[in-house]
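Read from first to last, the chains carry the letters A, B, C and D; within each, the first residue is number 1.
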Amino acid sequence: MTDTPAPRHIPDRLDKPLSSAIFSWEALLVVVAIAIFAINSFASPYFLDPWSLSDLTFNFTEKALIAFAMALLIISGEIDLSVAAIIALASTMMGMAVQAGAGTPALVAIGILVGLGCGAFNGLLVTRLGLPSIVVTIGTMSLFRGIAFIILGDQAYKGYPPSFAFFGQGYVWSVVSFELVLFLVAAIIYWFVLHRTSFGRRVFAIGNNPIAAQFSGVRVDRIKFILFCLTGLMSGIASVLITSRLGSTRPSIAQGYELEAITMVVLGGVSILGGAGSILGVVLAAFIMGLVTFGLGLLNVPGIVMSIFIGLLLIIVIALPILWRRLRGNS
Amino acid sequence: MKNILRYREIWLLAAIAVLIGLISMRFPGFADPANLRQVFNDTSILMILALGQMVVILTRSIDLSMASNLCFTGMVVAMLNAAYPAIPIPLLIVVALFVGLVLGAINGLLVWRLNIPSIVVTLGTLTIYRGATFVISGGAWVNADQMSPDFIGFQRAAFLGIPVLSWIALLVITLFFLLMTRTALGRSIYAIGVNPTASVYAGIDVGRTKFVVFCISGMIGGLAGYLWISRYVIASVEVANGYELNIIAACVIGGISIAGGIGSVGGAVLGALFLGIISNALPVINISPFWQMAISGSAIILAVVLNARGERRQGRIILKKAEAA
Amino acid sequence: MDTTAQHGTVKERPQASTPRLTLSGISKSFPGVRALHDVSLSLYPGQVTALIGENGAGKSTLVKIMTGIYQPDAGTISIDGQAVTLPSAHAAFGHGITAIHQETVLFDDLSVAENIFLGHAPRTRFKTIDWRTMRKNAKEVLETMGAGHIDADTRLKDLGIANKHLVAVARAMSIDARIVIMDEPTAALSMKEIEELFLLIEFLKSEGKAILFISHKFDEIYRIADRYTVFRDGEMIGEGLLKDASQGQIVRMMVGRNVDHIFPQRKATIGAPVLTVSGLSHPTEFDNIGFELHKGEILGFYGLVGAGRSEVMQAISGITRIAKGTIALEGKPIAPKSAADSIEAGIVYVPEERGKQGVVIGLPIFQNVSLPSLTRTSKSGILRLAEEFALARAFTERLDLRASSLSQDVGTLSGGNQQKIVIAKWLATAPKVIILDEPTKGIDIGSKAAVHGFMAELVAQGLSVIMVSSELPEILGMSDRVVVMREGRIASVYDNKELDAETLVRTAAGIAA
Amino acid sequence: ENVKIALVVKSLGNGFFDAANKGAEEAAKELGDVDIIYTGPTKATAEAQIEVVNSLIAQKVNAIAISANDADALVPALKKAMDRGITVISWDSGVAPEGRQLHLNPSDTGLIGETIIKLAADYLPEGGDVAILSASSTATNQNAWIDAAKKILPEKFPKINLVATVYGDDDSAKSTDEAKGLLKSYPNLKAIIAPTTVGVVAAAQVVTDENLIGKVNVTGLALPSEFKKFIDNGASQAVALWNPIDLGYSAVYLAHDLAVKKEEAKPGATLSIGRVGKVTLDDTNSAAMAPPFQFDKSNIEKFSKIY
């Protein structure tokens, strides 16, 4: 007596109204970036110059490299506040290596490996002992930079080999710097990993529900550990770049970079609560932050006033879609 | 829960006692009551700030803008004092509380009305408030010389042999204790941290409570602004730069769970005291200042590890119950 | 269909009393979903009204409107004839409305007393919380309900699930509620707890409360409820007195077609042992668990809630660690250290807590389904979306999922439809052994038949199934053999032929026959 | 088209640098065809200063006169500026020789080192314990002065016993903690020498708070307008500083000389610095402006009105 109905067909996707694409986060960021670019070109005659535009990229490439890995980490529901301290420690180790007569390849290897090691340390504390990452990395933030201070004190390491200068100061082709190329390559790799691989899919799953992900056969701790290592690795790479760009090491190097990298990630539309975000957003956010700071710099606006703009941008860009939805909902 | 909390605070108290003991071995005068009283006084501002941060963290939020708020409000009162030295100090304190409240309310409104995660809001206002300090001051500093003697002297005046600053800290501690244990607001704050969804169902207005919590941390930031500026007698854009992390570290060491719902006034106070003692003692016992950062970093990690041990949930223990039954 | 819609309206409306609560013309939409459209509902003092409907019919949504958590797009709510608005949960309290929601919504880290009085704690003269009175009152409330065994000072997380329900009810009593709503309170309970809960409902009735009771189990509805209201696809289809309506009529109203849930007939072709567990022990949760699962068999696990069945199953599938014991799959010993290991080996565990352990809210349906099978749907780590959609479609359509598209966020599905996703995602891994923990918890009658039919089909294809269930009919109707657990140990193993409900309940409760 | 000279300072908001800017504007007025861009980071870090330098390069300024946060880290950025035809000089806090054309020291390093000790020694006829509270441990100029002071100590001030050097990071809170630590650890301390305008105020405030006026003398480098109070209340007998207005003035003159008059900066060259006189470059292309000037009760009132 049971009537069996024919199974209902469920479509893959519903046709989305065009408006939802237009009001996507990335679209919003593109508009903001274009607007700032236009304003900059009007406000300063020096802005539209190949060399200016090239110099501009140095304002964000190093931080953006960290931001890519940080984006994955934040999507997975964790955070790493120690990235700038990792830069300091890696740079200090490279400095020590220089004193011991290491050559450029060895220096790069040391910088990257120290970064990786620090990331692994964070990862172990978080995954093995089950500690909250925000607190762990507040601790390691002091610890890593503290070690740099113990080693260096009031001294500086310098005398990096001339060939080492290429990473932070070199140009691959005309005005295209090595840092910019590295940034673009990293953007593509991270985009692919996050959006096109099963690893990336698992990262999203962990960020949305770590327990269900674990029950679904996702090796949550292993993936989180890898993400911490990646973040450390990118910090190590950033350390190579910045050390090369400055040509010297002090323990206070890269102070405050962690908040800028996180700002980039959040501005890029990655949910700070985990589970959502895109690499394209982070790339756009990096450009926006570079454009704002460089554009205001050309007008000789003090850095702290620029930071007001960045802070406002962060809140406004996040508030806008919410307000928009609310307005539409009411009408 | 009460038992475990009490347990954790005693742990921390013991750690502090051991710390003082160790320092005294290198520097015998450290454990003198007079010196300890001074350490308390030196840590007062951090304690007050940690309490303000605590209520925020308990609701699963975070206020990264406290130090910037402190800087801004401090600058406002310093400039006011420089321009109108006749304004009495109690009135200035009211102004500081009010300015702080406004800054806190801005955070709170964004969190409440727009539902933006607090870490994002306060990451933004962290830079905005400090930048605003630059704007209102034109970047200029307010120096000791421009401040009135009352402005500087108020917190230093002794009452019953103890400086007013310490009294203010004691007053704030008492108020927070009453707030957290004796009022409905206090219980709501805990409930929101324990289970935000259940809180909505229980009729707690989660958004508005968060707003109130940010107002509290804002007022605390403002109060600390006046205290800080009159203590260190210089108001500049760089005041307390990066101090937000010290405040959070004090809370963490004090056993306040960053996931919300767990923590106590005693914990926050002891956590601040622990950090205060370390920064007070290092110069005294002749440890190179370059070690300070690494030491406090290690202390934070150690504290989290220990706290996590205490917090670790035990299983349901079916078998034990079966035997008992 | 029109006739069914008319069934039991105006003419037969009982005149016993005037309604305490009346909802009329209520509509509510979510982006893309019309959850409720012009529905009405009345609750009468001293009576239990059952709200009946398929998964996603809009029952929980209505509950949330009645408790001030959602705001209706249209419609009026009146209490004792007075129109009211319920802008917040607090306002609903004020009108004496309280609810035990579908998801447990209590505070694990707070004490029982605080859970009962949070939001309306007694105050001292100085407006501060009066802890002593609060404890005393909590004790009184618990005692009047016959739950005096619960200590007001214990932390809630130390209580068993049934006691937690009691606390939720105590909370309802403490605010002097006049309207009590229970959204699927029995979904996770076994017989014994359900009996206790029914006693309580009787007590509430005698106190003159108006009660709304939501359940997918008809035996319960007929036992406890006086009236019914049926929803289908967000619309009200009919209401009336239960004594005037047969189950068949109600189901027809609910589904719009005939459904008669008969457990599928199976020819048991039970083969060689597939899974052999022996001497499995855990320091605190279970002890010396041993059993065999054969090819093509459905092995039922019965026990009171909290007997430790879920823990055993989680240990077998590598989620919790064991102290001693061995697990062998097809004769080969295995020692899974994570769910990933056991899925790889061919044992999958379908967890019981769908919100926490089952679905990944925030990800679309197809990604949820493919998550445990990602290694198969991707090629050297690179995703292949077409495969994911195909996999998701195959399994969700088979389970009669109601969704607008496979790219919909699972969080916007109703509870029962989420449960279907949970089953689909682990079935999709093509396992050798599947462990289903409370598989039909919160699923409506039609979908339940679909799940059971699917299980039977899988078993016929040679899969072996362990089914943990607290629902007696399901255990009796589906299992070839039944393992009964009590307090972390295996109490007995029965062959289905020799089985009756009473034996099972007695064994589970530890009462000698 | 006016000549654009950028005066880049360690951090904005510091009274010392604001005074230097006054001098720079004065020089610009005298020279007539000069526009001053007064800029710098808000936070005294090398990285922030590099961003400032980059934006100045993009603006194609004619000259950059910088007081550097790090002697080495700025070198690549400044080299880039020079490569693009910009004149680069450092002043106050120097840059390594390869990163600039010349460096203008406010005063002779050795002389400053000697002065800060002398300020303490003058009021300690019997000698005693003194300690140094410096700025950040990475500050180039402070470190150079302290080194010079240590070198000169045994021969010229044998009775003065330097017991410790601590760092307050030019942060008033940290400086206060460090000053307190000094007073606790060294009960016999007779003087705190703080060769930094932030540290010296913090130390003087601590001495005032702890009622040690008359027992511990605070001295070092201080801006009269910021420090007057502590000379008045006796926490300090005397402090010293060079004239920041003259410093800014001279820096702009030198930058103008190189950028417009195309003077060459080479060892032994003598360059004009307007009303302040002339300087001669040593073999690292550095020049010193004037000896530090001492402030005490007799003159602080007057100078506190100027800078």
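Please note the rule applied: a residue touches a chain if its C-beta (ideal position, glycine included) is under 8 Å from a C-beta of that chain, and two chains touch if they have at least 3 such contacts.
Owing to the predicted nature of the structure, the values given are computational and were not obtained by experimental measurement.
Trainee: Quick check: more C-beta contact pairs at A-B or at A-D?
Mentor: Comparing A-B with A-D, the pair joined by more C-beta contacts is A-B.
Trainee: How big is the gap, in whole Å, between where the Cα atoms of chain C centre and where those of chain D centre?
Mentor: Centre separation, chain C to chain D: 74 Å.
Trainee: Just the number, please: Cα centre separation of chain A and chain B in whole Å.
Mentor: So the centroids are 29 Å from each other.
Trainee: Per the centroid of Cα atoms for each chain, what is the distance between chain A and chain D, given in Å?
Mentor: Using C-alpha averages as centres, the distance is 37 Å.
Trainee: Centroid from C-alpha atoms only, then distance chain A to chain C, rounded to Å. What do you get?
Mentor: The answer is 42 Å.
Trainee: Among all residues of chain C, which ones touch two or more of the remaining chains?
Mentor: Answer for chain C, listing residues that touch two or more other chains: there are none.
Trainee: Among the residues of chain B, which ones contact at least 2 other chains?
Mentor: 134, 139, 237, 290
Trainee: Enumerate the residues of chain A that touch no fewer than two other chains.
Mentor: Answer for chain A, listing residues that touch two or more other chains: 149, 153-154, 251, 256, 302, 304.
Trainee: Go through the chains and record each pair that touches.
Mentor: Listed in label order, the chain pairs in contact are A-B, A-C, A-D, B-C, B-D.
Trainee: Contact residues on chain B for chain C in the complex?
Mentor: It is residues 1, 178, 181-184, 186-188, 190-191, 194-195, 197-205, 261-262, 313-322, 325 of chain B that touch chain C.
Trainee: Quick check on the complex: what are the chain D residues that touch chain A?
Mentor: Within the complex, chain D touches chain A at residues 12, 37, 39-43, 45-48, 50-52, 54-55, 57-60, 70-76, 80, 84, 136-138, 143, 167.
Trainee: Quick check on the complex: what are the chain A residues that touch chain C?
Mentor: Touching chain C: residues 1-3, 5, 7-14, 196-202, 204-205, 207-209, 211-219, 275-276 of chain A.
Trainee: Can you name the residues of chain D that touch chain B in the complex?
Mentor: Interface residues on chain D, with respect to chain B: 11-15, 18, 42-43, 137, 164, 166-167, 171-173, 176-178, 180-182, 184-185, 198, 201-202, 204-205, 209, 225-230, 304.
Trainee: Where on chain C is chain A touching in the complex?
Mentor: Touch residues, chain C against chain A: 32, 257-262, 319, 338-340, 342-344, 349, 351, 356-363, 366-367, 371-372, 374-375, 377-378, 381-383, 389, 393, 396-398, 400-408, 425-426, 429, 449.
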